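Okay, got some structures for you below.
One chain, chain A, appears in both complexes that follow, with chain B as partner in the first and chain C in the second.
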Partner chain A sequence: MKPPFPIEIDGKVIQVTEGQTVLEVCQANGIDIPVMCHFEGLPDVGACRLCLVELKGVPKLLPACTLRVAPNQVINTQTEKIKKYRKMIVEALFCERDHVCAICVANGNCELQDLAKKVGVDHMRFPDILQPLELDASHPYFVIDHNRCIMCTRCVRVCAEVEGAHNFDIKNRSYKVRIISDFNQPWGESKTCTSCGKCVAVCPVGALWSKSSYQGKIEKKKEAICDLIRKRKVNV
Partner chain B sequence: MTKKDNQKDEAMQQLMKDPRFKLLTAVIKKNQNQSDTLIQILHQAQNLFGYLPMPVIKYIAEALSLPPSQVYGVVTFYNFFSLKQKGEHTCLVCTGTACYVKGAEKILAAIHEKYGIKPDETTQDNKFGLQIARCLGACGLAPVAVVDNEVVSKVRVEDFMPILEKKIGGKP
Partner chain C sequence: MSREDLKQMAQRIQDDKKKYAYTIFACNASGCIPSGSEAVFEALKNCVKDRKLEDQVRVVSCGCMGICAQGPIVRVDPDQSIYQKVTVENAHRIIDEHIIGKTPVKDMLLFSHEKEPLINSFEETFFKKQKRVVLRNCGRIDPQSIDDYIAEGGYQALEKVLKRMGPEEVIAEVKHSRLRGRGGAGYPTGLKWEVVYKYVSDKKFVVCNADEGDPGAFMDRSVIEGDPHRVLEGMIIAAYAVGAQKGYVYIRGEYATAIKPLETAIKQAKKNGFLGETIMGTTFKFDIEIRIGAGAFVCGEQTALIASIEGRRGTPRPRPPYPAEKGLWGYPTLINNVETFANISAIIVHGGEWFCETGTTKSTGTKVFSLAGKVKNTGLIEVPMGISLREIVYDIGGGILDDREFKAAQTGGPSGGCISKEYLDRPVDYESLVELGSIMGSGGLIVMDDTSDMVDVARFFMEFCMDESCGKCVPCRVGTKQMFDLLNKIYIGRGTMADLKVLEELAIFVKEASLCGLGMSAPNPLLSSLRFFKEDFLQHIQRNEKVVKPLI
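For the complex of A and B:
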């Protein structure tokens, strides 16, 4: 056991140990930080930038999920600047692709929707990009709708790290970025997919759903995946 | 086996007959089939074939025991790798801010007028391919173009087109 040391978060002094991330510390101490790409147990990539925090002495904002604690850190998580940025990021997520709640399977059960309510996004200041993308329903059980994807890459990570199949990955970059299956094939033709459905369970929005669910009635067993990862770690 | 699988195997067999394929296997062997040498191997494959045909990517993924999607992701992420044939001669025009101001757009328009191709396209006879770059980092030389790996700097359209024609060999 490494010796604990103190760091300061939002004016509170908290005892932490080496190796922890700032996000872990905040969640353990009841400090609310919105997250999107972070999923308990999966490796963090810092893709969504929603968990940005201010670290004293560093001019830019840093994502809490990949920021490791170090001695003498002074961190602020709720400043006006951060709140402004968070709101803007959520708005950007909304206008990048086609997010119409009324016709979405995940309506009422969507992390993006909840987040928009939380940070107070009620309208969009930016014009929609609205690039109609394809919907891949070639898989016998599941559907991927790229229009609703927010590129959190949770499905990519759960498939590679937990299931071990690595069916998904991402191609291209910037606004051309897409989730792909194998060699950019239809999902149904994938040779690596085991049809386990873990990707569907961790998807925060309605981009992945099973064919048995219909509008607003999606069921996502997120706790089951968290449990699975935790138990495996204990057993290892 | 389905018809589609048969077709795929044919593509693979054709690849195996290719003399360049032997060189590729040698490169992979030299790197001991290590998955972390993916980028070096893709680099070599791109140099050998001029672009990365699908059977080559599949073979590399198989040889390095890497997930297909990951290899495809790496190939599409880096600008250097290309899934399409690049053409015998290539021209890369910088469209960064400085080059844009100095008239890179005019150069692209002139190329389009003469050869009928836009960025990321090649002529039908596969002789000439046009690419654009966001910035080559040589803004002092603006506008910059790279014709067959040779930098052409501070060019005006009138001067540039003869240079290009000379390199490509006249007619489109």
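For the complex of A and C:
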């Protein structure tokens, strides 16, 4: 094991070891950083930008989930600027697609909803990007509703990296990006989907749900997936 | 192959060419092709055949000569007479009157170096303030012929490097030249090479970024179309310096006219021993492959480009780790722009000191710009760094079309900004442009006159960024769409002052919170327009507020 070295986060000196990410260190030390695309055990992509932190000496903001610790780092995670941007990111996510909590399966069990509460979003200042999207209910057990998707790509990663099926991928660019099944086929016709339901379990919002759930009653077994990944890593 | 061999080869090729009394260069670059240059080239060739002059006259299809506005361009050497707007109908006059009759065709002439009486303002202006380093051979050799390149001193820099310099010396020379990346950001090239060189790895890669995507930019394609071997030579030298065995040229799929000469050049270089297992008789081996992009602007971003070469979706990833440490398939990778590589052979041959003589202290050398928009002489130009914008627009560009008023110059494409006329005398170099809220960029330069509406310009570039955003990170994906919608609202006359405030707030947010360079620079055209041309925005808004009066 490599020797620990100290870094400074929000004025606190913390002992860390090489290879850790700043997010891991923060989570282990009770420093609250909001996350959205990050999911424990899945490869990080740094896409949602919610975990942005300030690293002294670097002009741009860096995502904590992909930033590796290094000696002499001085990191700030809660500056006014960062808080403002976190709020704007959540606002941006809300206005991007149709996020109406009252009719959503994930109401009360939704990471986006929790985030809005946490960063203090109570209304939207930006105009809606109204883009009515399709809902794919062709799969026998699950439904994907693109209107609620926030493009965190957790489902894509869990399907490719944990299940190994790689059923999901992404099509298009800009605000037109969509999650697709196989070669943009209806999910029900997918040859690769194993119907394992891992994607449903990791989805932070109500974009993926099983047909047995109804409004506000979705069950997400996130801890089970985390546990599975952890145990597999130990075996490897 | 030794230095003497190469020089002898060059001499032999030059002697071979001497049997031709005349060489006719017909521009067949992307600027002239749309005006019918391919047919002109055929017509010239057929005409020479008809007149049975094949032994005396060589007709060459060449790269861009720069004066794209007047195309198709044909040059007759050794007289250096340049003919403009040549058509299939009048092409024969060049052969009949100039070559057979020995008198230049005056009414078609752009200018001639034979002093009397044909010098016009063109020579005094368009070429006088230019300095051609990267474009030295462009329009002067046959890009499909390695012999032409060797005759012009090609591959001598490579020979010097392989036989008489160590990798560290090469890097020192490039560092000494203070050459900065020509792709836009201006990172010191020598430093980048050194970083890649210092990483210990059994595999390293060199990548040439030819994914030129800025609207109105055609520098890189012109360099590849006109002088592909210069780019290859730069890449091979870079590979030797950093210790790479494999190189890729990542080029846009749209550049069919550049891909073909590049493919030919790679084949020829392999055949002549400049690429492959034992380069020029040494143990150094290096190979280059072409990767064709599928039309995504974001793939010009280093990490997205790497993903695309690897065969994945072209989306950027957070840096660090930088490609110099973990690039293609996790190996140290050097990525430079086409123009950066094209500068290398000149630096090696003439030395870094010589290179520093041109330009300013911090920005050395020359820069190729594609001059477009409302100027009289649109085209491809290469100017020393530090030249003023006024000289580019009025001296080289010949002034604004229809002698209207200059309003703004847009540099750096969708990542850059608009510069207003108060700053026309500022030098064009990396620092000054950043100070003005723009960037050097890859070299697109669009001139706008007083009829241009800056809200519309900002809207156009925002639409471009919105369409080209990869959709991975939230600020860029949603922010560009929001900004475009707001700009559109203002443009059609429905905007309010509150919209303008939100717009500014969004612009700063997207600039600071986005993942890659595309998002970070997407608000630049908007921010610089707001800085210099706020009246344009206010006019649109006032138009609305006149209609919608407050109730109380």
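General observations
Everything below uses one rule, namely that the second predicted complex is superposed on the first by the 236 of 236 C-alpha atoms of A that agree within 3 Å, B and C clash if a C-alpha of one lies under 4 Å from a C-alpha of the other, contacts with A are read in each partner's own complex, and residues count from 1 in each chain.
Keep this in mind: a contact is a pair of C-beta atoms (placed from the backbone, for glycine too) under 8 Å apart; a residue touches a chain by one contact, two chains touch by 3 or more.
Because the structure is predicted, anything quoted here is derived from the model rather than measured.
Taken together through their common chain A, the two structures put chain B and chain C in a clash.
In the superposition on chain A, contact is made by A:45 with chain C only, not with chain B.
In the superposition on chain A, contact of A:16 is made with neither chain B nor chain C. Shared-chain residue A:31: touches no atom of chain B or chain C. By the touch criterion stated above, A:199 is placed in contact with neither chain B nor chain C.
Here chain B and chain C are compared by how many residues of chain A each touches, and C touches more. When the two complexes are overlaid on their common chain A, residue A:170 makes contact with chain B and with chain C alike. Contacts of A:129 after superposition: chain C is touched, whereas chain B is not reached.
Applying the stated contact rule after C-alpha superposition, one finds that A:85 touches chain C and leaves chain B untouched.
When the shared chain is aligned, chain B comes close enough to touch A:181, but chain C does not.
Within chain A, the residues touched by chain B in the first complex and by chain C in the second are 169-170, 172-173. The touching residues of chain A, counted against chain B in their complex, run 160, 165-173, 180-184, 191-192. Residue ranges on chain A touching chain C, taken from their complex, read 45-49, 52, 60-63, 66-68, 81, 85, 88-89, 92-93, 95-96, 125-127, 129, 150-151, 169-170, 172-177. Contact residues on chain C toward chain A in their complex (touch as defined above): 296, 298, 313, 317-318, 320, 466-475, 477-482, 485-486, 502, 505-506, 509, 512-515, 520. Those residues of chain B lying in contact with chain A across their complex are 54, 57-58, 67-70, 72-73, 76-77.
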